[in-house]
């Protein structure tokens, strides 16, 4: 990776739209929106709602399925001079396994991210990420079916994130991304209806940053594998907080919607920050919070 | 589509709480088509962060474009406080815009309140293309007749309805449509306004076999087709208002239930409707 | 209660200071800051840090102990024409039990709130609230030792809040308050030090409101006892969201610090809202979200 | 203590990034004592919400008071954009202020930079009480000599230090103190400034057996003693800067370690020090 900054799955599509507004080749990696085995329609609208310093979404993993993805989106992503990570979700261990088998065969994939933390689907998703046993099983199933670097994306909606992190590590994860969204809800006080068609949704954006930093720090104390820090990152100093807490890379989600140049601004901002503080390499600040 | 930092060179409060901004951008003014919108980073205010979408209201060709907006919440409130020569961060032009086939001869443009925003740009385009058209404008009352004069100047015959009867037809624009459509017999209807109104217009259009295109408003995050948040339910499945729309052919739209009439703001007319295939797969 | 609006424990002291700025007699209840058996010094500073739409605190339940409280603070609180709820925390079941016994003897207490959700202390606190078994035990221990209405205050840092709610309900809780704070962390990118002396702290304020509304809604589906909704409430419409989700009362925390008149403004705002919508009683909107 | 909505009747940028506001409040101006502060709801801006504390800088007796502040972040940035005749929501006066016994004859007032804010009010009070005092002011450079003239007008003899030597003593105000204290021999030192500076001043005061009071800055939420968030470590246990302070007798303070010299903003000089009794009980 050229640098440790990448998009968070589901907030950058396959990069097609944003490639018109920014230079994808400057990114550390490309992370695709979650793909599933079969196409998914996603959830009933409304799917979005803005809240204080954040937003709720209940997209529900709308996607056209792995075959379509590999045929139409992946070739586009591969054209950039940037590693491509494919993010997958399934309803069952077998679906995760099968997705891994299919992707393992494909030329030019740099890694697989297991989304076991989506709060917006009825089966699978978050349920896998909220139990250390299931998280371990799904990671093991994936591990068994691919040689590719395996990143497991965890949900923050748990009491003991370190326990889950240890479980997926022992099952063979090469890295952990955290956090996915917090489950939230918002109600229209005029109509009495939830602001999301799916009733609840995932909270993202600056509102969740303190929760994310805390979880990255906790997990960094308990496992040795790299952590991709995610959650409310909007600028270089936000990213620095995650590096200090122990992340080796960061991913940007919601902030892309607000400013498509967020990631490239962060990349420049990190360089400036390192120079300013007399460091030569981001590695020099990783995990260096003085507790 | 591009992201620009654009100068504001004109600002007018056209009626209480409704503002018109003139924004410099040769590129957007050159490329924009009626029905498209821009995604605006409203000056930072109290606890909101997402961009806000606004239709392109008019263009000064090759130089600038305008937006017409009403203050309804924090974002529009912040936007109403910009000053001439302030700079706005804007992404646009976005969306697909209104479609018109070459051989169309007559159109009916129906605007409810702020629905006038995209339709004035369309009206100017239709004049250019020498399409005969009839503006039909619905307002609360006489003193709030947004852009009436402008439409009247451009259209063949302009119809107006006010809810209190202080000007033109007393009642809604939908009533007015139902009374007059058999006389006007347009080849196509273009409409923008509250979703309840659009649904009723589409029913009338259906009944008379008239093609009908409407501009739908949904909550948006990215505005460019990435987040899949602005979904509308159509016969072809979920479509994104920001990329596949905001203009849709009403034959494609699956409208939502009753309560859309009450003007539920955050939907596209579809949230009470089961999606074409439901989520039961996962 | 005159109305369903009260302060959240720990954000209003014993009401002494705020009584100089607002009319306590207008409140629905007074809720005291958590008291423990023995005095507690609280945590090392810094104890506060502002974050996007919220704040982190790591006060650590500083208080002078139950004896001092009953002698010096409770008499002051009792003077108002408002029910007084005493909030307690312990390091062990026995401490909770003993506190209940002592308070049960006191004239003029309207209820006991069990804080089993403080994220800022080393033993007890959140640990009791994160396990349905411990939550049940501590509730049962308290229940056995007091006749007073018993409110149990839950932590949002769990996956399955309904399970905990059911556990405390079955153990005899008369009401549930939720939520306490989310565990969070913030790091100073200049000094590399955490912004809190205690490293992590509790996130409160508008940032957590969607999480709180969701939890209130979930719990309202699974238990029949009243719920006091807490989390990021700053105005009447925020409160309405909680009522629609199923709360029968609300408590205001962080917003008091910003505007000491928040609660009285909410009380007036709720009245206006009800009139405006054609209701005569707040009961008509409780749990009425149209899902 | 009261909460007011107060008019701003004066605003001056006294040097780049440092502003003085004159705020109408008969009550606060009447009741305020030097060292006390007000808790200000800065106009809503980008993602902050808590009030910000500012020392009372000066009073126009019975009519108004002033605050002097530097733009360091979002809150002060927002505050710097208020205009004359805007209204501010303020709680005050808060805190205990400087203490002085009746029979004190000579005092040394040491300000580092913005530390001048509470000390000018104190200086005016000391003039009133006919206490001889020596202002000792530390600045970065000659062009940033905040309130030098004012102190010079009020004090018996005014000492100044600039870090670059462009005016007065070259070096810090602490150096200057150490060179001159045996000549001045004040009965009491009042100081305000960065915590590293205050700690060193307290060491000197200790050495010479001089009473020393300092105004400490900590992060605050409520500002009135409720949240227990602004704790400082003292020999008597945790004390709240907002209620027990912000002025403390340095004999009571347990200072933190080295890194306070680096100007860690968010502490009161105590976060590396074990508290009097640690938290092991729970």
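Letters are used for the chains, namely A, B, C and D, taken in the order the chains are written, and counting of residues starts over at 1 for each.
Following the convention adopted for this analysis, a contact is a pair of C-beta atoms (placed from the backbone, for glycine too) under 8 Å apart; a residue touches a chain by one contact, two chains touch by 3 or more.
All figures in this text were calculated on a predicted structure; none of them were measured in a lab.
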| item | value |
| --- | --- |
| Intersection of contact partners for chain A and chain C | none |
| Most remote chain, CA-based centroid, reference being chain D | B |
| Distance from the mean Cα position of chain D to that of chain B, given in whole angstrom | 56 |
| Inter-chain centre distance, chain A versus chain D - centres from mean C-alpha coordinates, in Å | 46 |
| Interchain centroid distance [CA atoms averaged], chain A/chain B, Å | 35 |
| Sites on chain B at which at least two other chains make contact | 47 |
| For chain C, residues that touch 2 or more chains besides their own | 52-54, 191, 193, 205-206 |
| Touching residues on chain C, where the partner in the complex is chain A | 51-54, 56, 130, 157-160, 182-187, 189, 191-194, 199-200, 203, 205-211, 213-214, 217, 232, 237, 240-241, 244-245, 273, 285, 288-291 |
| Chain B - residues contacting chain A, complex | 1-3, 41, 47-51, 89, 91, 218-233, 237-238, 243, 259, 262, 264-268, 270-271, 273-282 |
| Chain A residues touching chain B - in the complex, by the definition given at the top | 10-13, 17-18, 20-21, 33, 36, 38, 40-50, 52-55, 57, 59-62, 91, 121-125, 188, 191, 193, 195, 197, 205-206, 254, 256-261 |
